[in-house]
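What follows is chain A paired twice: with chain B in the first complex and chain C in the second.
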Partner chain A sequence: MTIAAEPPRQGFRPSQLLQDSRYRGLTIQVIALALLLALIAFLVRNLVVNLAALGKDFDFGFLGNRAGYDINQALIPYTNNDSHARAALVGILNTLLVAALGCVTATVVGVLAGVLRLSKNWLVGRLMTVYVEAFRNVPLLLWIVLVYAVLSESTPAPAAFRGEDAQASRLFGLIAFTNRGTYIPWPVWGEGAGVLGIVLLLSIAAAIGWRIYARRRQEATGRPLPVLWVTLAILVLPFLVVFVLLGAPVTLDVPTVRETGIARFDGGVNVLNSLVALWIALALYTGAFIAEIVRAGILSVSKGQTEAAFALGLRPGRTMRLVILPQALRVIVPPLISQYLNLTKNTSLAVAVGYADVRATLGGVTMNQTGRELESILLLGLFYLIVSLIISGVLNVYNQRIALKER
Partner chain B sequence: MSDLHSQTVAYSRDTMLPPVPPPRREAGAVRWLRENLFSGPLNIILTILAIWVLWLALRDVLPWAWRGIWNAGSISECRTIRDQLYGEGTSAACWAVIRARWQQLVFGFYPASELWRPPLALVVFLLAVLPILFADLPRRLLWLTAAAPFLIVWLLWGGPIWGPVAVALGFGLGWLAWRIVARAGGPLLGAVAAILVPVLYWIFVDAPLTAALARILPIGLTPVRSSDFGGFTLSIVIGLSGITLSLPLGILLALARRSEMFIISKVAVIYIEVIRGVPLIVWLLVAQVLLNYFLPSGTNFDILLRVIIMVTLFSSAYIAEVIRGGLAALPRGQYEAADALGLGYWQAMQLIVLPQALKISIPGIVNSFIGLFKDTTLVSIISLFDPMRMSSTIRATTEWGGIYWELYIFVAAVFFVFCFAMSRYSMWLEQRLERSHR
Partner chain C sequence: MKRSVVLGTLALAGLAGAAQAATLDDVKARDALNCGVNPGLTGFAAPNAEGVWEGFDVDVCRAVAAAVLGDATKVNYVPLSGETRFTALAAGEVDLLARNSTWTFSRDTDLNLDFAGVNYYDGQGFLVPSALGVTSATELDGATVCIQTGTTTELNLADFFRVNNISYTPVPIANDAEGRQQYLAGACDTYTTDASGLASVRTTFENPEEHVILPEIISKEPLGPAVRHGDNDWADIARWTLNALIVAEELGVTSANVAEMAAAPTENPEINRLLGTEGEMGAMIGLDNQWAVRAIEATGNYGEIFERHLGESTPIGLARGLNAQWTNGGLLYAPPFR
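And then the complex of A and B:
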């Protein structure tokens, strides 16, 4: 047996800090940290000096003061007597509203366009290519302003909806696009609406129970049970029966135009044109990117997978659901989530059409009124940062769950 | 043929039949239509739907655009001509606004006598990037690339030529210091000297030297203020400077994020996540109102420069993430092979890792560039005159009040051409650099 000779132990020499790759990293990091701290100290010192020179302080107390301005769309009760903090909250809710609407619509549009782009139909494929390229290569701001211009310039005035032979008509007799905003019907909760809600909840629970039972039975016996039709029946039938028995407790309040006096709509809910413009533009713009993601995802599943599934005797529907989609989704979902993130950040372009999002309330009127640029922008940035960290957190969890388990 | 076989065959044809043309339904346009548009019930429905959508979209727009009036001095004149030509109230575009105001849309408020300068600067830029984009050109052209930034700044902003020359001199001094000190005292000391010497020079010598030179030899162009920049000139200036500056920064950030040094990688992570987590509008707001708080009191530099810096910092975080993806996609064996060859960190990165990683990330990088170029429209929100804001300005004049679509369509078309060209170039580059299927 030989004993491995220990390398001659030398004491630590200072020159190793520069020459030895084991220690050099340490030196570089210390220098980098020192430079960074120096930079931060420089910036903070300037900040303190400048604030002192301007007679300002760093204080979030202004958030409790009376805001004193009106907001044209508030999801929670708000008057101009409320505080700046509440105005900011109204803005935050408006941002989240348009972001949520946009994400859902963009997904629908994007999936449709992505699938249609792969269609064998030449005309449809070309049409979708034109859609995708047009939206991907033109700035979003332009689309927002353009959609807003279409909504406010080429939609009829409320007066056009008047009379028997009106020039304009409501979409499906329900939705009226006017240059004063879009009027949509709104449900009115009558007596017994609560029962209806309970019935709906119960049938959702029953539908989930049926699906679980069906899967268990298939795993035990190998015989599939009809799921789709039964689920639909459980969801719809009891609801309809109770709806009729209770004598229609929920009615739709359909917007109608006043026939005399100033032409305006009564009933329903008025959705601001700025919200609709932002929503449509964001959904179509992001939809174009999602279409490309969906297309790439479907193309990424090799044809052999389809052929193998057919060889196993799976029908096309099941092939899609059990073989192709699970693999395609692995490719599609991560970039899809980051598109949601982009959409959420892009809602800050609301300022171009005067939609009262958080950038317009906290980072706009509040900031200009109080002169608290530093605090307002800090809070604004923090809000966006938190939203995006939450979304990327979801993304990371998903990525970990679907990561290929390699041996 | 064997005898046995020839006896069993009763009849054998000894001439070929002439080929028969395929059936009518299986050839030419009919076949194409049948296969691509009407192959099944679903397909037929889709085709009809598509035609309907096309009809809806184009039935008003095409005649409107086709009837467009190109020669008029104002929108009311446009309407008069339209009424004469097509009758009262027919919809017709008024393209005359683009003829009348294209100069503003392209150059903003740039002085009319100096309009040759921005295009010349663009030409210089294109010449300067040529030797980088195409490796077969003579290497001597790289000197032009090195000189181009100073030349472009001088062309765009004007003023005495000695300002940019003196700044360039600083870089020359830095290079000299590196050569001399690195030979004498090793690369680390050389790097310190290469940073220290130019910084000292810029602080203490640059301004007096510029002033003295300008007094002795007053060569220069008419100075142009940043507030006169506008239209597509502004977009292109911000976009191209952002693109060229953010790529190297993005590469460094990506390397830092993947670095094994704890502090450096964590700093890079925080930087990238914070920048990416907050929308560009908020960063532009920071550049507009907040930056002055963080600089020594009295410093007040140009809003355009601030925007360029902000856009660069913003875009570099995105590019860093794209390049990080490329670095991660590279097989580990490449890194190990570089180590096995005994290459140092920078050598390994420069010779082995980055060329491959950058190639993988080309589509992503170009996508970020396209995004950056489109995002230049956001500067309209902090009151710079980009094409969008320029069109509102034109709309606000008495001659062209009430004109909408023509300006938007023009701006959108120009953006489309630029971005579409970029994306096609990236696809072409991707194919050209593809080595795996040879």
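And then the complex of A and C:
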């Protein structure tokens, strides 16, 4: 029996960098990093050379200059005397508005369609299949243009609302659908409206408190308390009482058509057709993808769960809401995040219908009028990157909260 | 492979790594002129029934191609929207931009373009349906206005309504075809762009007589072909090709008689210098002596081009107006060929 001799200890030789598996990985990584840095350096140098050849500098000062153009939907006060930076901000808010509206609506549509697609009702199930396949397999741009065309071709011009015997009339005397957009009434805050707001906030707090109390009570005693009706009452009754006592501090500004000059609606708020078209198309398109994610999530929950819930006497609706969906959420949420990101980035298709999103203001008119392509595109990219990171950050926190707690 | 990847990356950054100097050499090596044109504006640039591009701006491209390459058909037409046109020129996608582009201070300086001259003196007008009952642009208070984005007209519009203290709602559109569709669908009360463009769009309506162009012209819009700043030799070629077409009309040289006049020296030395039968004008701009002859043969002189595409014999029916020769009370005034 011999004892294996210790291998002779030698100093480090350069050939070990390639031949010794302890160092080879490191060598390859160093080389790859050097190549990557060289590529980046080449690109940056190329950019600098080309910018110099074009006689252009790199400067964000143009953002402070007067924009000079008008934007048809501004959530913050904006005139053509404002700066390019403010025009970009108007565009950013418009992007965020349609992204938020789209995400909420797509989620509702997607969850409903996903659940209904699994319905035992043949007709309902097939209808949802048709919806999902139609929207998933036709490009989003076509849907946006189609919805926009339907909205603007099938609705009357404002002039049709004029006169005693107008051809068109407002829905409930309040809402006017026109080929320019939908004019909706808007509340005007009068004297005492602040009190009303405080009452509303208190009501919401009370309603949340009631729900917490009801749940604790049910957990403790097993007896459920009425939640829905009491919540509604808490929300509505004090509001109504204060509203009447204060003598209607909030009035509605109802859109009315101007009878002289060029026909247009005054008062209320104009929800542009381009916004509605973008909203509906984004929601239905992304909703179709979410429906498939929801369906996959539900199918991932073992059938035994449903049977166990039925055995306990839960009705199908409650089984879905209380047993299946909470477990399915663990499968649903991660892919859902990327759908939200897709939807947010797809809002840049707004250009097709002339919606003034950030790509149309900063990345469109501003870029074109100032000739600052590189700066504008960098800012645009940075904006979408930040928004996407925020969305995925928030949803990842939510995902961790609903994830299976393994102890 | 690697090179194309790198170029693609740069193009994404909005800057293709195209060679800057010596556009002339690039065009000759490619044996084709890349010309940026309007995607569709009858009379200025639009494909005809056979798919061949024709129009007032297209003839500028054809004249330059004839002068440089000897063949007016060696042009790749690149349809560009109002928003993308200058980026496409700066990135080297096109060598020449003949797309109803207004010559302004900031475009000439800050956007690094060079305008080769003016081939159409225009101004911004408003097109309205007669049924709207408006006879002046100052009555447009509260109007919804279709407006092409990325244009000078967009800025003029904002200024005009601000100065007159009246309100409007803009409906941004990308090109004339979309503007036509939106306007006819009633999505806007009025469509505004250069008056020549309005006249052109109106000819494509089913009932052109039901629409009027309001009398106010709210801006100066000198439209001209543009090239990249920095390649002065190429800019000279574009500038003097345009001037050759203009001066040919002034001197009575037409596509019909140019071959005859170029065959032997005439009595008029300026015609001789233009047509290369005297002096070495061609060599001074890096071309041969027959360059102007070929350009005029291919498209005719400025007057012929105007009459063929926009003149009173066409459906567009524009009068020469400001675009007449200076000898006829217009603004066309080509510097002397000397």
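Methods note: the second predicted complex is superposed on the first by the 335 of 407 C-alpha atoms of A that agree within 3 Å, B and C clash if a C-alpha of one lies under 4 Å from a C-alpha of the other, contacts with A are read in each partner's own complex, and residues count from 1 in each chain.
By our rule, a residue touches a chain if its C-beta (ideal position, glycine included) is under 8 Å from a C-beta of that chain, and two chains touch if they have at least 3 such contacts.
Keep in mind that this is a model prediction, so the values were computed, not measured.
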item: First (chain B), second (chain C), both or neither touched by A:152; value: second
item: Chain B versus chain C as contact partner of A:69, first or second or both or neither; value: second
item: Which of chain B and chain C A:264 touches, first, second, both or neither; value: second
item: Contacts of A:388 with chain B and chain C, given as first, second, both or neither; value: first
item: Which superposed partner A:50 touches (first chain B, second chain C, both, neither); value: both
item: Touching partner for A:356 - first (chain B), second (chain C), both, neither; value: second
item: Residues of chain A touched, compared between chain B and chain C (which is higher); value: B
item: Which of chain B and chain C A:179 touches, first, second, both or neither; value: second
item: Contacts of A:365 with chain B and chain C, given as first, second, both or neither; value: second
item: First (chain B), second (chain C), both or neither touched by A:133; value: first
item: Those residues of chain A which chain B touches in one complex and chain C touches in the other; value: 43, 46-47, 50-51, 53, 153, 351, 373-374, 377
item: Touching residues (chain side chain C, partner chain A) in the complex; value: 6, 9-10, 13-15, 17, 20, 82-83, 86-87, 90, 106-107, 110-112, 132, 134, 139-144, 149-150, 154-155, 157-159, 162, 168-174, 182, 185-187, 189, 228-230
item: Residues of chain A touching chain C in the complex; value: 39, 42-43, 46-47, 50-51, 53-56, 68-72, 80-81, 152-153, 157, 179-180, 258, 261-262, 264, 273, 351, 354, 356, 360, 364-365, 367-371, 373-374, 377
item: Contacting residues of chain A [partner chain B, same complex]; value: 18, 25, 28-29, 32-33, 36, 43, 46-47, 49-51, 53, 116, 119-124, 127, 133-134, 136-142, 145-146, 149, 153, 345-346, 348-349, 351-352, 359, 363, 373-374, 377, 380-381, 384-385, 387-389, 392
item: Partner chain A, residues of chain B touching it in the complex; value: 35-37, 39, 43, 46-47, 49-51, 53-54, 186, 188, 260-264, 267, 273-274, 276-282, 285-286, 289-290, 292-297, 370, 374-375, 377-378, 380-381, 388, 404-405, 408, 411-412, 415-416, 419-420, 423
